[in-house]
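Across the two complexes that follow, chain A remains constant while its partner is chain B and subsequently chain C.
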Partner chain A sequence: MSETTTLRRAGQAAPSSSSRAGRAALVRRAAPWLLLLPLCAVPLYLDGSWLIIGILGMSTAVGAIGLTLLVGTAGQLSLAHAFFVAVGAYTYAYLAGESGPSAAGGLGLPTLPAALAAIAAAGLAGLLFSPVAARVGGLYLGVASLALVFIGEHVLKNATPLTGGYNGREVATLAVGGFEVNGGAPGLWVLGVPFTGRERLWYLALAVLVVSIVVAGRIVRGRPGRALQLMRDNPAAAGSMGVPAHRYKAAAFTVSSVFAGAAGVLTALAFEFIVPQYFTLHLAVLYLAMAVIGGLGSVPGAVAGGLFVTALPLVLDRFSGSLGFLAAPGSGGLDAAMFARFVFGALLVIVLIAEPGGLAGLWRRLRPSRR
Partner chain B sequence: MKILQLVLLGVSLGSIYSLIALGFVVIYKGTKVINLAHGSVLLAGAYAVAVLSPHTGFLPAVALGAVASALCAVVIQRLVAAMRTQNHLVLTILTIGVDILLATELSRRIGSRVLTMGDPWGGRRVEILGTVLPQARIAATVVGILFIALFFLVFRRTDFGVRMRASADDPRTAALMGIDQRKVALTSWAIGGALACVAGVFLAGFPNPGLDHTSGLIALNAIPAIIIGGLDSTEGAVLGGLIVGVTQTLVDGNASSLHFLGEGFGTVAPYVVMLLILLWRPSGLMGSKELNRV
Partner chain C sequence: MTALRLEGIRLRFGGVTALDGLGFTVEPGTVHALIGPNGAGKSSCFNVISGHYRPEAGTVAFGDDDLTHLPPHEIARRGVGRAFQNIALSAHETVLDNLMVARHRLTRSGFVATALGLSRVRREERLHQARVTEIAEFAGLGGKLDTLAGALAYGDRKRVELARALASEPGIVLLDEPAAGMPSHEKWDIAHLIVSVRDALGISVLLVEHDMPMVMAIADRVTVLDFGRRIAGGTPAEVQNSPEVIAAYLGSSHPEAGAVTVSPAREETS
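Then we have the complex of A and B:
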């Protein structure tokens, strides 16, 4: 608040430079939106196998934004993010799925309400866990959240009517008013390019990502973000300023889970078939890696981290034939997934030791004029 | 007799978990970091034992393996100390990074093999009080009790133990009194690593099939133990380990009547117990309360 008023006053004091500064600010605000144009054109040029990498990257980036809010801004370590992602993915699959003769049932709801309900369900799961988050703090919370991943994995494997058990279950195609967002019906051609499932899903993922970035940015820079940061750095001061600690902690967990739920729905739509083996501790650790590599608390950093961590093994896998040092998967040698894990592990260590601000910190350091 | 058998088996499994949990707690007390790479340290030590024991015999191999995992732990401690932040959250995340590196390298080396420890007990069983117990598990209980007793003796009765406890309670004052904090940190990590190796050897032994690349994950079962007992309490770690071991064995042993909870509920049950205890006592059963509360 006070910062913006002083800025405005400074602008009034020097009217000659104000229009110039205003134009610069306009450019600065518009530049990220201009970036959207090439991103919108991508499905015209790349084929489905590349698009799916981008779609998965953007989906996980949405989840990573949620985690960076929780761990970075609110200072609550969570190793349970994969659980909330799973809640989103499986709730959508169950609500939208048709109950047929197959192992997994479904309610057969219209798909758009099902997707929204799945996101809400993930938020509700976060809210239900928040009494634990409000009672235990710091490292206790981080390790306690491990419980959710293991209990969640157990439920996914055993609640066969809901989840399909070990073998997983199909995910229904999302349709808005008869238009399939990740399917081929009705047929659509744009500039001579057939727009089928992946092309359409690309735009959905992009839209959700943009909305997530805007919303998360408002939370971080706005009043709730300030309160959460103060609570993280000095709980006593936050309390005496009148920040309701329990409510804010619960809210942070809920909001972060909503992002995770959105990521879960998008991931489920991209995979078209979900299995419990995906939503494990490994995924939870990867999400944490995204948030840390990007820079804890930084929304653009989380997006960059999410894209990087998701895309690296997939891209390496595509090129593993031409990259001489990578062996074929399962041959016992160094395969793409393993190499990617080495890269993530090393990056986590290097980032934390050399530049604890992550990619976001590096960006700030490279552009000191902006500070 | 079935209950007695299960409880005895649970206690033996619990004593293995206690060793792992004790390692976590010693490291936490020494440096206020939860070493989430502990599973990989355990795997590294047990892997070294499996590789060495055909050449050197079992006991020398265990000694060398303990040294190896202690070295691993010390290397992690040096990395943690290289960070400029004092934020325990970030320090703990760093150990996750190390865990990814170490676990990937070990699973690359082990591949799909199942390694045996070459221990002298093999698959033999003995009959005690009408129950049939594997010899390896009895050895685990005895060795566990010995190590835990030795640990408490050193921690309580020697000058070295006093230095460790003083640093855990108040690092700044301890440093002013001339206690080398770097040495305390290194020793606590080395002890934690060595304990993990001993636990790993017994975890790979009978009735488990052996050491494979996922064995490090079993160390995570000790995490409910340290939370149940209280992060900064060594007694709590032992108690928590026993609770986890007995819970897991009892649930697994009665799996047929607990079928409605799903298959393999035994590995999840400790986490459920942990959540319940956390809601009741946020710092665990024997942990000290956090004072800075609003």
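Then we have the complex of A and C:
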């Protein structure tokens, strides 16, 4: 391991190879983008029932990025993430929904502005709660934010004209200039594969995820991220470096809600029908598990955690027929969802004991040549 | 050039009076040492100046700015830098990132601009990285910018702590035991560094340090605290000969308390 380090350093020291070092840096920068190519080809090969797992995984990964900024980078515990995901999902459904004879109403706005407004609404909800987030720190914020989840659940179940109540509500198809992003109209074939709702939504989810990764990475590495990290590690020092603690805690909370809102819109589009039973404390805890398993404060880690935590029960469920030890869902036995929960629980304990850096820490350990 | 002025500072924790009518002035362009036995109130005094403690009475002023009731970040913005005694770095960040935090008050890029990766954000980053690199070299951290702060040796971490205080381009810098726990030769490196902070950068230094030979060698002025009061002040030579100082340090009868307070616990540990 140390050999590679010395070799690389020696190579950089030689003046003739400086362009080679520059090229190596370029390759390192370009490598993640090359990964996009196979990801873009996925809808050509997998059918919708597999794509939806990926879409949901990417959607929650977007939310997990937001949470890792808050919990990992800023050191503020929040159990309210599911609430802001719900705000995004339901705001989109309400703004874009047609007001018809069905139980839930809607404003029937054009869907793209409705989606953007829904993300903004989640950010606004975060901003409204941020005075609390700015004044209460760490564990106490976790407890305070818990209230939001319960209030949210209550509102979702009872504000029937907006949310459809217990039975949930339909989610309008997102269309950009007449082209449905999670629907089949107008018809589209790519290399002989019909691109309907899920194929198209795959690309939207992928695009939003990429934007989220880039944006969050910039924030973490930039001036705001450095301020948040010092505030987490040493609040007194952060103050003496000129970081206004209240403002930065509030901002971190708001930014994290914006990501949650985007995750909410994507999730709603993927489900096509949203019910309050999804946006519960259970989801909030799952989001935390994603951030921790991925490695707190690591954006790629949050993505890996989000994909893993979301996909595991779904994939297990697909294979439950051939995996002898899993019972059918609802049969009262150990079904895929239950088994996945055991896996998450065990993983959380293992991560906290063995590798507090999570998946991201494991990755760094396997490739020590990058400092 | 601005002077830091403390007047009549009183600070109490419950029944314990930590600072009792403390007042002194750090003249611009000087190294001013604050000395006294353990528990004399030196660190409390630092915490009052930098806004972490709020005094019951008295004022702290830096030039024309009244700092007394300002929060820490506002005090930092007015040009008061601080290095902490128990190294307060982000261990998992590089030295460069640790130093860049100190540019906070000098930079503008917020969440949105940074997220969008605007060209002015990148320009600002480049500009300030260049300056921070200079400061790191000045502090003897030249080749260590990409090292994780937590991976550095103790002495280097103390240097990062000091360099970070300098990186905020302060008018005055508070150094809380910058050489504590260092071997003798490194101590004198730090001493030289402090002198060049004054001479080359023109920054006033308020210094808490237990190493008396070092204090006497580099300080222009010395203020001596005991039980939260200023018991002596002046040039190092004046202070060394003051009977109150000798009494406080050797633990003979305390002039104010009127009782004999010989306490081995208050002997210097460094």
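Heads up, the rule we're going with is that the second predicted complex is superposed on the first by the 355 of 371 C-alpha atoms of A that agree within 3 Å, B and C clash if a C-alpha of one lies under 4 Å from a C-alpha of the other, contacts with A are read in each partner's own complex, and residues count from 1 in each chain.
Just so we're on the same page, a contact is a pair of C-beta atoms (placed from the backbone, for glycine too) under 8 Å apart; a residue touches a chain by one contact, two chains touch by 3 or more.
These figures come from a predicted structure and were not determined experimentally.
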First, second, both or neither for A:Ala238, with chain B first and chain C second: both
Touched partner set for A:Leu39, first chain B, second chain C, both or neither: neither
Touched partner set for A:Gln229, first chain B, second chain C, both or neither: second
Chain B or chain C, by number of chain A residues touched: B
Contacts of A:Gly142 with chain B and chain C, given as first, second, both or neither: first
Chain B versus chain C as contact partner of A:Gly75, first or second or both or neither: first
Partner chain(s) touched by A:Val349 [first = chain B, second = chain C, both, neither]: first
Partner chain(s) touched by A:Leu124 [first = chain B, second = chain C, both, neither]: neither
Chain B versus chain C as contact partner of A:Asn158, first or second or both or neither: first
Set intersection of chain A contacts, chain C complex versus chain B complex: 236, 238-240, 245
Parts of chain B lying in touch with chain A, wherever the complex brings them together: 34, 79, 82-85, 88-90, 92-94, 96-101, 104-105, 107-108, 111-112, 217, 220, 223-224, 226-227, 231, 261-265, 267-268, 271-272, 274-275, 278-279, 282-283, 290, 292-294
Contacting residues of chain A [partner chain B, same complex]: 71, 75, 77, 131-132, 135-140, 142-144, 146-147, 150-151, 154-155, 157-159, 235-236, 238-240, 245, 281, 285, 288-289, 292, 296, 332, 334, 338, 341-342, 344-349, 352-353, 356
Contact set on chain A toward chain C in their complex: 214-216, 218-219, 222-227, 229-230, 233-234, 236-245, 251, 255, 371
Chain C to chain A touching residues, read off their complex: 50-52, 71-73, 75-77, 81-82, 84, 88-91, 93-94, 97-98, 100-105, 107, 109-111, 114-117, 121, 124-125, 146-148, 164, 168
